[in-house]
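In the two complexes below, chain A is the common chain; its partner is chain B in one and chain C in the other.
== the complex of A and B ==
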């Protein structure tokens, strides 16, 4: 990280946080246009995500937020525009390439292997990092055993970090929704991503679960230095967590800036209150 | 213990610490005994005689990580020297706040090694309570487990002017805290290493300066009544109590113990700290508060302590999961639990059991008991204790019938735990056992209060001579505040808090709580309130358990529309009457309590409710409120009336008020003569 915290947090931890400054651009999208047949999901969108920041993408329903994540993630291919990740422009890319480059994500509707335990799900996050092939994995001997132990240890640190030890051996299908979201975050973290995309990490959660999840997102950002882009509907969460916010509406970019600036923007207010359409 | 310790594996010689004052071989047993009167001295001893045996374990990152006695001694040495380097001196106090973790236990020994006094604090205490304890104990140092506890300490910092230095174990989230009096545990140990090198002999010298009569620890009572009191205990108190318990149960160095109860509680201090140091067994710390039951299963402890609530929860889980099991499994479980009820406890107690039952129990062991115990982590238990409050006889018998040697004990912080224990083969559901080794017990004639005297009796309440004088009276007798009776075969029964015990008009003892608990242990009775102080006889209100009675009514095709209607059913009255008479039969067996049999009772038309102020928020009956609200009912109980009219104001959930009217039937219950009954109700 070239630019970290401009200011260490205030001593007592309860004074207002100093604004954080980020210089290095990790990912930028320029002039992205994505259409499905006659429907334009995104038109001429451009913004950047800087290294180390928490970037929020907000907007009313159908604004194109998830489409945007899917574009970054390589799942959708925009008809126009360019994406630059770590200074390299890319054109066509598949999700597994994105994953290899260090982009991990969680989904709006939890997408875990329901029949597998929490631990196994988190371990799947390490698959891309494993070097031995399926044959050796089946035998579980020699180099593979050592490798598996190494990866298990890494996963255990994540499990410890997210405080999900108690459900380590529980099949995720049996877990409450809030917990499944946390497991999904754990799996994404197991990839040691540079950029973490969170699609509505707090949807359907109660206040307490939201508070926990907010804490974890901040801790991930702080402890691992992971850059985070998140989509979220809960405005208070967005305002508290994010360093910068980009607002989408009907596939267009409405505003981009600090939470405070964005929330004062008349266009944003109109979009949310339904005026002016 | 010394003998066993001395004959421990001798492959340890090469690892004898060079700085040890006397080589192990030349120390006679008696000298060693004298030398081991503090925990730091015991630590050195274990590091010498059993260096490679595990001393403490913690589940971390999914693996049980262990430290041998030798390694633990090394960690503690570094920490003690580090604390000294930070300026901790003899007589200083250090607060220890957090879950059961090896480092927190080490801090206790490290502080003791350099003459300081550890003060463990309940980790879930609210800031106010913590501020009181820290300020009252005048702690200069505090060890906090993690950010949560550090934040709590920062919040109360202003109210604890003496607090100078804070150390934290888990650095997560604390990266940006830059106060120079806030130290990382490992950094303190690093300092200690340097300090130790610069001051050779310091550590051993400091350890040697302490003797058994010095203050070992200060434990604050949880303070259900008034402000918490700091109970000062000497090394001798804890050591002698721990040792007596070990000898009583024959505990060895290979016991497995799970340390999961609050470190500030005297029970944990004895079971997970004191006895581990005396017997040399290993203590294991669970991964987190939520994983205790899983960790329990993995570990399979041999020596286990839990309050009744935990046994109750485990039993409930078993019951619920059995209901989800297949039909065959359910039937098998039911059948063999009946067998266990008949024969299990008797086999455990070594009593005569018929050949058929013995055979069936053997089959049940293979099919049901052993797998069940394995699932619960109870397979290897040799001794399990419960204490703290009365345990329901059904719950107690469930575990005993499975072959788990569950016993009750009675103790207090002021006694360094042990006052009475149930000896093997003399287990009763309604007694707390015989005086523990070295403990003398006396019942105050006038008040019925239990007094005791033992080597474990505390030194004093810290900075509170008044309460000390009141509790610890002449001749060393300590008031427990509990009323009890001694049965003829020397077992103690605790009946109530001494201040709640009353007398009937004829002078016989009336312990409301004792009666109410007995009633509440019947599944159909949810709550009961007994009256009798300065009255001619005892009467009671009974609250039925809507769920249990409702399910019973449904099964038997008895229609009802509301709680009130259900409570007034003659069938329900008949059942309650049976329960009440069972209680009377039990009471009749005890000459001291026989006078307090329940003569008349009624079933209340509404549930006692915290919203109406009848219960506290923790569901304890507020006797005076109940008496006031239902005065006409109480009067009716003490008249010849067959019914009573009640008019009660109730508060609905939305806060609005209404009046509830009912005519309640009053029922007479049979009372019994004492002589022909057995002295105590057998457990199982």
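== the complex of A and C ==
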């Protein structure tokens, strides 16, 4: 019954990732309820994301995973519950406030700026950190040029890191899908986020692209110390990458714990494979 | 000398981010400026200066303005004529009230005034998009023209509702408006002024502000995630755009026609500028110039072409033919290259880069 979930893991032992221990809570959501008219997208969801970990959010289609990210992001405003980020309870806010606080995000369907080059896309990630005013930008030389060069240098590091040097001057609309996903990750990283939300970073990729992306996610977590929350349907990826997993189904929380524990949970297995009658 | 960038290696970010990173572009622009400033004034007739080059430069400024809000920020605006009228009337009121203020300052102040008006009429863009926004900006067009025709204060109580540019000198005896201005003087002033304005526009769109505008245009949700405030981006685009359009309106009234009534800035003017940026290329400063040249030059070409090849036609037939061919050409262009003349230039560049090798 539990093939899909349990296969990638040795069922007897603990997953190697479980050895990593995280104490400091970066973000916690409590009792989140989100409804659209009569439809309840999320009901009483509560979990936390700890600093430095890779946290997976999984669940069947329509479980409310993306809605959850949208709540964290400030796109949706839950009817109930509270969100605490960096120890501070968050007021009702817009997505750009979340960006200012250090939350970056990629989208399920690539949401790049199609008319701009890879480099310009990555440079938009630095917009919050660029301070010169419109007057200097109109003249360009002077403070504005110094700032452009400083941030360009930072962006080039990220471009190197994600191995997309060759396409830096290509308009992103012309890139293949896998590359676009990578550029989107680069753009999010340029913001130097504390919390990075990845919405199905590997959807529609082939095995090599998935391996590349997994490597990048682990490297980002390792080298930049970025906390990552990730939604993914490929269970082998989830089990290998994540430190802890939260499982949603029909807007409710089914399980929360290490990949190994979650994959043995009978409720999770039932949700994925159906219940015999 | 072939036009290609191969072999030109950049060793610093500054040179890679230069406004014209390709050496041939630098030479080309310098050549165009030299010819425009040193050759054209001596060889061009007054007709060419007054009815082709001056309106081309004025329209280019308007097209750059509209391109900023529509091409770069993605907010469709049909209020161009109204904003041009704002610039013209603001400049007129200012320079008649304060004759001592320098004319360039008057133009800039008129631009800033129009920018404020642009911000007010840009407010609907925070809630509506696309066609609906276009209709909302059309309201600006009709309201502003109505205000300038109905209120005689704007024309200093001129009975015909016409404003006439008073004589103003750039320096000493060098008049650029009024009866003492020469076509060459007007033209030279415009070349310098419009070049500076175009540089300012280019600098803005390649800096942080331009990136914020394009981000809003391409994917507003993702832009907000990146920390761009949609309100700031859209309203700044409307402000900067109206600034350029207002200046172009002032230039139109003061330098091109010298006397003008509000009806010269009717909605047809808005469409004319919109055609320019669509044909020239949305989101391109070069495209603004190409589009303006196309729209200004083509009717003149069509008008004089039959006479050149020796066909005699009645003026009426000629006018109607001109409209038909003009319309057909616009349709043809939109089908062949929906992204405009600037895109054709881009494609040509990429071809030349590889020529004569296929790969």
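The rule is simple: the second predicted complex is superposed on the first by the 255 of 277 C-alpha atoms of A that agree within 3 Å, B and C clash if a C-alpha of one lies under 4 Å from a C-alpha of the other, contacts with A are read in each partner's own complex, and residues count from 1 in each chain.
We adopt the following convention: a contact is a pair of C-beta atoms (placed from the backbone, for glycine too) under 8 Å apart; a residue touches a chain by one contact, two chains touch by 3 or more.
Computed from a predicted structure; not experimentally measured.
> Between chain B and chain C, whom does A:88 touch in the aligned arrangement: first, second, both, or neither?
neither
> Now for A:153: first (chain B), second (chain C), both, or neither, which partner does it touch?
both
> Touching A:165 in the superposition: chain B (first), chain C (second), both, neither?
first
> By the touch definition at the top of the document, which applies to A:208: first (chain B), second (chain C), both, or neither?
A:208: touches no partner chain.
> Which holds for A:128: it touches chain B only (first), chain C only (second), both, or neither?
In the superposition, A:128 touches chain C alone.
> In this superposition, which partner touches a larger number of chain A residues, chain B or chain C?
C
> With both complexes superposed on chain A, which partner does A:107 reach: first (chain B), second (chain C), both or neither?
In the superposition, A:107 contacts chain C only.
> In the superposed arrangement, which partner chain does A:23 touch: chain B (first), chain C (second), both, or neither?
In the superposed model, A:23 contacts neither chain B nor chain C.
> Applying the touch criterion given at the start, work out whether A:96 contacts chain B, chain C, both or neither, answering first, second, both or neither.
Touch status of A:96: second partner only.
> Under the contact rule defined above, give the chain A residues that sit at the interface with chain B and also at the interface with chain C.
152-153, 156
> Spell out the residues on chain C that touch chain A in their complex, using ranges where they run on.
Touch residues, chain C against chain A: 13-14, 17, 19, 200, 203-204, 206-209, 211-212, 214-215, 217-219, 221-230, 236, 240, 283.
> Along chain A, where are the residues that touch chain C in the complex?
Residues of chain A touching chain C: 73, 75, 94-96, 98-100, 104-105, 107, 111-116, 120, 123-128, 130, 132, 134, 137-140, 144-145, 148-149, 152-153, 156, 187, 191.
> Chain A touches which residues of chain B in the complex?
60-63, 151, 154, 172-173, 175-179, 287-288, 290-291, 294
> Enumerate the contact residues on chain A facing chain B in the complex.
Interface residues on chain A, with respect to chain B: 8-9, 11-13, 119, 152-153, 156-157, 159-161, 163, 165-166, 168-169, 219, 222-223.
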